[in-house]
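Below: a set of structures, written as C-alpha cells.
Across the two complexes that follow, chain A remains constant while its partner is chain B and subsequently chain C.
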Partner chain A sequence: MSESPTHHGHRGGDLTFRAILSTLLFAYVGFVLAVVLADVYWLAKPAAGGSGETGFSRVLGNEDAFSEILATLRLSLVTSLITSAAAMVVAIPSAYVLSRYRMPFATVIDTLIDLPIVMPPLIAGLSLLIFFNQTAPGTALNDLLDVVYTRRGIIVAQFFISSAFCIRAVKAALDQVNPRFEDVARSLGCGKVRAFVQVTLPLAKTGLMAGWIMTWARTLGEFAPVMIFAGARPWPQEDFTAVLPVAAFLNLSSGHVEMSIAITVLMIAIAAVTLILFKKLGGKGYLW
Partner chain B sequence: MVTIRVNDLSLALPPFHLREVTLEVAAGEYFVLLGPTGAGKTVLLECLVGLLRPDAGKVFLGDRDVTRLAPEHRGVGYLPQDYALFPNMTVRRNIAFGLKVRGAPGDRIRRKVAELADQLNIAHLLDRLPLKLSGGEKQRAGLARALAVEPPVLLLDEPLAAVDERSRDRIAGDLRELQQSTGVTVVHVSHNFEETLAVADRIGVVNQGRLEQVGTPEDIFERPARLAVAEFTRAKNIFPIAEAAPASGELARIALADGTVLRADRSANRGEPAHAMVRPEHVRLLPAAGNQPVPAGHNEVKAAVRRLVPKGALTGIECAAESGTAWFVLLPTREARRWQPGVPALLSFSPEDVHLLEREGLPQRV
Partner chain C sequence: MVKTRIEISDRRPDDAGAIRRAAALLRALSLLAVLGLSAGCGRDHEEPAVEVPTSMASRTWGEATASAVRIDAFHPLEGEPLWVEEWLGEATKRHPGQVRARLFDLSTPAGREAGDRLAIGRSALLIDNHLGFRFEGREVWFVGSPGARGWTKAQWFAALDRQVAAKGGTGDPAAAIQPLEEFAGRSAERSDSLLIFSGAGLREPMEAARAAYEQETGVKVKTLYAGSACLLAQLAITHRSRPSDLYLPGEQYYMDQAAERGFVQEEEAICYFVPVIMVAEGNPKNIRTLQDLARPGVRVGMGVERVTAVGKTSVELLERHGLRERVERNLVLHAPTAPELGAAIEIGSIDAAINWDAVAAWYENESDVVTLDPAENIIVRVPLGLLSFSANPRLARDFFDFVVSKAGRDIFRRQRYTVDLDHPVYPHLAAPSDRSSVSAR
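Take a look at the complex of A and B:
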C-alpha cells in the first residue's frame, strides 16, 4: 500500500485556504447525497389527502407493480450478466494485445475503442439501428441473429458500449502486471498461454474482478442505446424489452411516478453495493 | 555445460540496434557482457533467452540452432534485472515453479527445493513472500528458481544492480562460487566494470550495439582496444596521436597532438593507433630537481602538480604538463601527501605502459 499524500499537520495560514476549498467539496457531496435521498424521501412521504398511503406501500402493495419490478429486474440481470461475460471474453485478449505489444496504428485503435464510451448513448443506439437495418452486412447479420427490436438486441446494444469500457478496465489491470513474470515463466518451460493463465491471470485477478463488476454496473444502467435498438416494449407484453432504466422512463412518461422512483431507488442501491465491492477489490480509475 | 555461439546477430529495436554481433562463450565459462546503459546488452541477452527474435544471424546452444526457438523450448535459466519473483507465491513455490511446469514428481521437487535452499542459504526464507525479502535475498531466490530445472546455461541481467553496495563484493563472490560448483555456462550482463572483475572469466564490451572487444578482465583493463572501451574502464591519460612511426620490432616514436613525444611498444598493436593511453597507476612521480634519476629508457614528461584528489586508500594527483595537457597519477595516499599543488615534477613511465588504442570502426577481432 502506498502512503496517502494527505498532509495531516497544520501549517500556518493553510487552514483558511483549506476551509474555502473544503466548503466547495462538502457542498457538492451534500448535493449528491440530497439528490439520492430525495428519491427515498419521496417514496416514504405520505400521500396528500391523509390516507396514510406512501409510495412504498402503493408499489409493494400492488401485485402488478411488484411483478413488473421483479420481471424487469430479472430481464436486466440476465441480459447484463450475459453482456458483461461476453465483454470479458472479448476484453481479456484485446486488452492483452494493447498492454503487451507495439502495434501499427495504435493511436487510431485506441481512439476507436474510446469512441463507444465517449459517443452520446442515444447516437450509439441510432448508429446500431442504421447498421443492422440499412447496410448489407448489418441486415445479413440481423437475418441470422434477429437482434433489432428484440431481447437479443438488448445484449447487442449493451455489448457495443460495455466492451469498450471493459477493455479499458482490463487493460488497466494487465498493465499492473510486470511482463517480466511471463518472460521468466516461459524460460521455465511455460508456453505463452500457460504463462498467461498461471502467472499473469492470478496476479491480475482482483483488477479483473473490479473491471468486470464496473462493466456489469455500467451495462445494467445502459438506457438510450437499449431503448432505441431493442425497442421499449413495456411489461407485461410478451417478449418485453424494457430493462430497469427503460422501465423507469416508461413509467414516468405514463404518469406512474412512484413506480419510476421505486425502480430508481432499486438502481441506486445496486450502484452503491457495486461501488463498495469495487473499492474493496482495490479498483481504481475508469469509473465513467 | 554447453557452448553458446552467436553468429552475425543483428536486431533493430529502436532505440536499440544490435549490429552483427559474433560471440562464442565456452562451456562452463563465466562470461560478462559489459557496457553502458542503452548499449544493447539486455537486447543481446534477451535474444539468448528467446524473448527477442533477431532480424538476422543465428544463436546456437551447443550444436542446437535455437534462433527460431521459443524460450520454453530452449531450457535456459534466466534471471531478469528485477529478479521478477512471482509476488503471489512463496519463495518455495517460486523455486518449485519450473519443476512443476515440467510435471516433476512431488518428492523430487521437494528434494530439489531443499537442496537449492541449502546451497544458496535461503532455507529460512522458503515460506516468505518475495515482498518481504531484501535485494540480496531476492537475488538468491531468483537464482534458485532458475537453477531448479538444472539448465545448462544461466543468463543473468544485472544480477548485482539491486544489491546494496556493501554486500555486493560478497554476493559477486557467491555467484562465482555457485557457477564453479554447478559448472553452468553463465552470461552476466552488467554496466559496472568493477563488479565484473571479480566474477568474469572473460568480458565482452558492448557499445552502441556492437561488440567492441572480448578478453579477460586483465585484457580489457590493461589493453583496451579502442577509446570507447578505455573510457568505459575509467581509464585516464588518453591522448590523441598526431603521428605514429610504423610498427617494427623496435620501440616506436609516437608524437601526441600536444607535441609531446613518447616511446611506445607497438609489438602488440596491429591496427592504426589513434590514441595513446597511460594508466595513472603506471606513472611514477619524481621530483623535478631531485637526485632520483629517471630509469633508463623510460618516457619522461615535465609537469607541475595542480591538485590532489583523495579517494581513500589511493589519491589521484592531477598534473599539468608544459604543453598544458592534464596528466593523472594514482598513488597510495601516504605517498601522495608528500606532494603539494604548484610543485614541479617529472612523470616517468615505461614504453610498455604506453598502450595504443585503435581507430574506431575497424572490424572487430574476437
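Take a look at the complex of A and C:
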C-alpha cells in the first residue's frame, strides 16, 4: 500500500546498513575460519629441518600416536554417548516438571541447575572429589560404584556438568509444545502418561534430538572435571581414562605439540559435523 | 589391542567382591537414611578396628588392660630405631599403668604382617589406632621420622597425654588436640595395584618406567598425570579413601608442601632440571652466554615467574648475574609452561629462551642449545616421594626402589633427562662440572 518513492529512498540506506553489518559478520567468521584452518595448515607444513616431514605424517606415520588417537577417540565416543543418554533420561522428566508445573522454590531449583554451568570447571572437578571422598554419603556411594579415578568417574564428571545443559535444552523444546494439545488428548479419554508419551514427546521430537546432540557435543569436550575426578591416565595404560581433551593436554605438556593439535583438529571436525546436524534438526538452543 | 567395552577396573569376580559390594550397598542405604534424619555429614562411618596380635610385636612395655591407651610403633626397615624404643619407655613411665606400648619390627615377617594389616609400611606411631591428630586446626600425622616430616616429639607426647586424659575421664572434650579419623582398618580393601601421581611433563619417562615394571612384575601400576599443584590437591582430598603410593611433582616446592602435610615418608631426587638457552637452528643471532640475551634486537621468551618452575628459576638466574632488568627489556613472550617456550622457538616467534635441558631436548630437531657454566647455573632437583598412605606399602616401596635404582634412572636417562650431574644431557664443554651451585629448593 505504501509503495511510495520515499520508501525506495530508504532502500538505499538499508543496503548500506546491511553491507556494513555483513562486513563485520564476514570478518569475524573469516577470523574463526582462519584460526581453525591455521591448525590444519601448521600440521600439513613440512618441518623446518628440511626432512619433508609434516605434523600429519608424524602423527599418522607413527603407529603409537595413531593407536593413541584411535583408542582415545573410542573412549570419548563411548563415554559421551552413555553420559548424554543418561542426561536425557534425567532431563526429560525434570524439564517437563519445570516447564508445566508451578513449584515452590522454583527460582531456587532453577538456580541450582545453573550452578554446574557457572562453576569454574577445575573447581567442579575438585568439588566432586571432595563429595565422593570426604563426606559419608559420598564415600558410601563410591564404595558402591567405584567412581574415583576410574572410567565410571569420567561418566560421573561429564554427567554432573552436561545434565544442566541438557535440562535447559530439553525445557526449551518442551516449552514450544502448546499444553493445550495434551489437554485435548486428555479430554478425549487419554491418560496423563499416554498424553505425555504419545502427544507431547512426538511434538517435541526434533527439539529433543537437537538437545541431545548439543549435550553430546558439550560432553565430548569436557576437560577439567574429567581430568581431576577420573584422573588423567593415558593410553596404553590398562583402563586408561584420558579422553580426547585430556589427551590433548597431556601431549602438549610432554612436548608433542603436533599430537595435541591433531587431536584438537579431530575434535573440531566432530563438533562441526555435530553442530551442522543440530541446526538441520532445528535446534535453537545455545552452546553456552 | 584396544578394548571396545567400558569394563571398569579392579572388579574381582569372586564371592568376596560380591559380598563386599552387598555390604557397601547396605551401608550406603543406611547412611542415606541416617542422612535424611541428621543433616550433618560427618566422620562417623565406623569401620571395625583391625586388631593386631601382640605375638607379632618384637617388644612390649606396660600391661594390657581395658583402660590402657594402646601405642603401636612400627620401626623402619633401615635407619635408627633407637629413638622409638626410648620414647615408648618414656611414655610408659610418664603414665604408669595407663599405657600399653608395642613395637613392631618391619624387618621381620611378623612385623611386616602386622604392618600390612594396618596398612603401614614405614615408621609410624599409632595412639589407639589414631595416626593423626588435629592441633588447633592443623593436621599432624605421626609418620616417618620426627622433625623431617613436619611433626615433633612434643606434639606426639601432647597427643598421648590427651588420649590418656580422655580414657581416664578427665579429658576436656573440647580440647585443642583431637584425634583424626581412624587410619587403620583399611587393609580389607587392599589391592594389588599401585596408584602414582606424576607431573605431566614427566609423562614419557614415567610411562616407560611403568611399562617396564608392569612387564617385570605383573603388578598393575595406575599412573595419573596432571600439573603438580593439581596433583597435590587430588592427593589432599583422596589420600585416605583412595590410598596412593608415589608422588612425582616437577618441582621440590610441591614435595615440601606434601611433606608438610605428612604425606611423604621418604623422597629421593630422580633427575635434575638444568637450565640452558634454546636458540633457533644454526644460532643465527650468535647467542653464547646469558649476557647475549640482553643485546638489543634479541627476542627473548621466559616462563611466567609465579606459575612455572622454569620461570622462577630463570629470574633467579638472571638476578644472580645482574641481568634481570636488561633481559626483561627484550622479553616478548611470557609462557605459562616450559613446552610452550620450545614451541615458540620452533615456530620462530622468539630468538632465545631459558628452558630446562630435558624440555629443550624435545625440540632438538628444530632448535639449538647453548649450555651455561654449571658453576654459574641454578640446577633444580626433581624428587620422587614415597607416600605414607599406601594400601600396599611393600609393593609401593618396591616400585619406589625400582625407579630410583640404576635400571629406573637409565629409563630417565634414555628419555634424555639429566640423571647424573657429571653427565648432563648437554655437557658444558668450557669448564668441568661443579656441583656447588645445586640448589635444593
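By our rule, the second predicted complex is superposed on the first by the 261 of 288 C-alpha atoms of A that agree within 3 Å, B and C clash if a C-alpha of one lies under 4 Å from a C-alpha of the other, contacts with A are read in each partner's own complex, and residues count from 1 in each chain.
The rule is simple: a contact is a pair of C-beta atoms (placed from the backbone, for glycine too) under 8 Å apart; a residue touches a chain by one contact, two chains touch by 3 or more.
All of these numbers come straight from a predicted model, not from anything done at the bench.
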item: Partner chain in contact with A:151 - chain B first, chain C second, else both or neither; value: second
item: Per-residue contact with chain A, leading partner among chain C and chain B; value: C
item: Touched partner set for A:107, first chain B, second chain C, both or neither; value: neither
item: Which superposed partner A:141 touches (first chain B, second chain C, both, neither); value: second
item: Which superposed partner A:16 touches (first chain B, second chain C, both, neither); value: neither
item: Touched partner set for A:74, first chain B, second chain C, both or neither; value: second
item: Residues of chain A contacting chain B in one complex and chain C in the other; value: none
item: Footprint of chain C on chain A - complex, ascending; value: 42, 47-49, 51, 67, 70-71, 74-75, 78-79, 82, 122, 126, 129-130, 132-144, 146, 148-152, 227-228, 231-234, 236-239, 249-250, 252-255, 257
item: Chain A contact footprint on chain B (complex, rising order); value: 49-51, 70-72, 74-78, 80, 82, 84, 86-88, 97-98, 101-102, 145-146, 149
item: In the complex with chain B, residue positions of chain A that touch it; value: 178, 180-181, 183-192, 194, 198-199, 202-203
item: Partner chain A, residues of chain C touching it in the complex; value: 2, 4, 6-11, 21, 24-25, 27-28, 31-32, 34-35, 41-45, 195, 200-201, 203-204, 207, 210-211, 220, 222-227, 230, 233-234, 237-238, 240-242, 281, 337, 339, 342-343, 346-347, 359, 362-363, 365-366
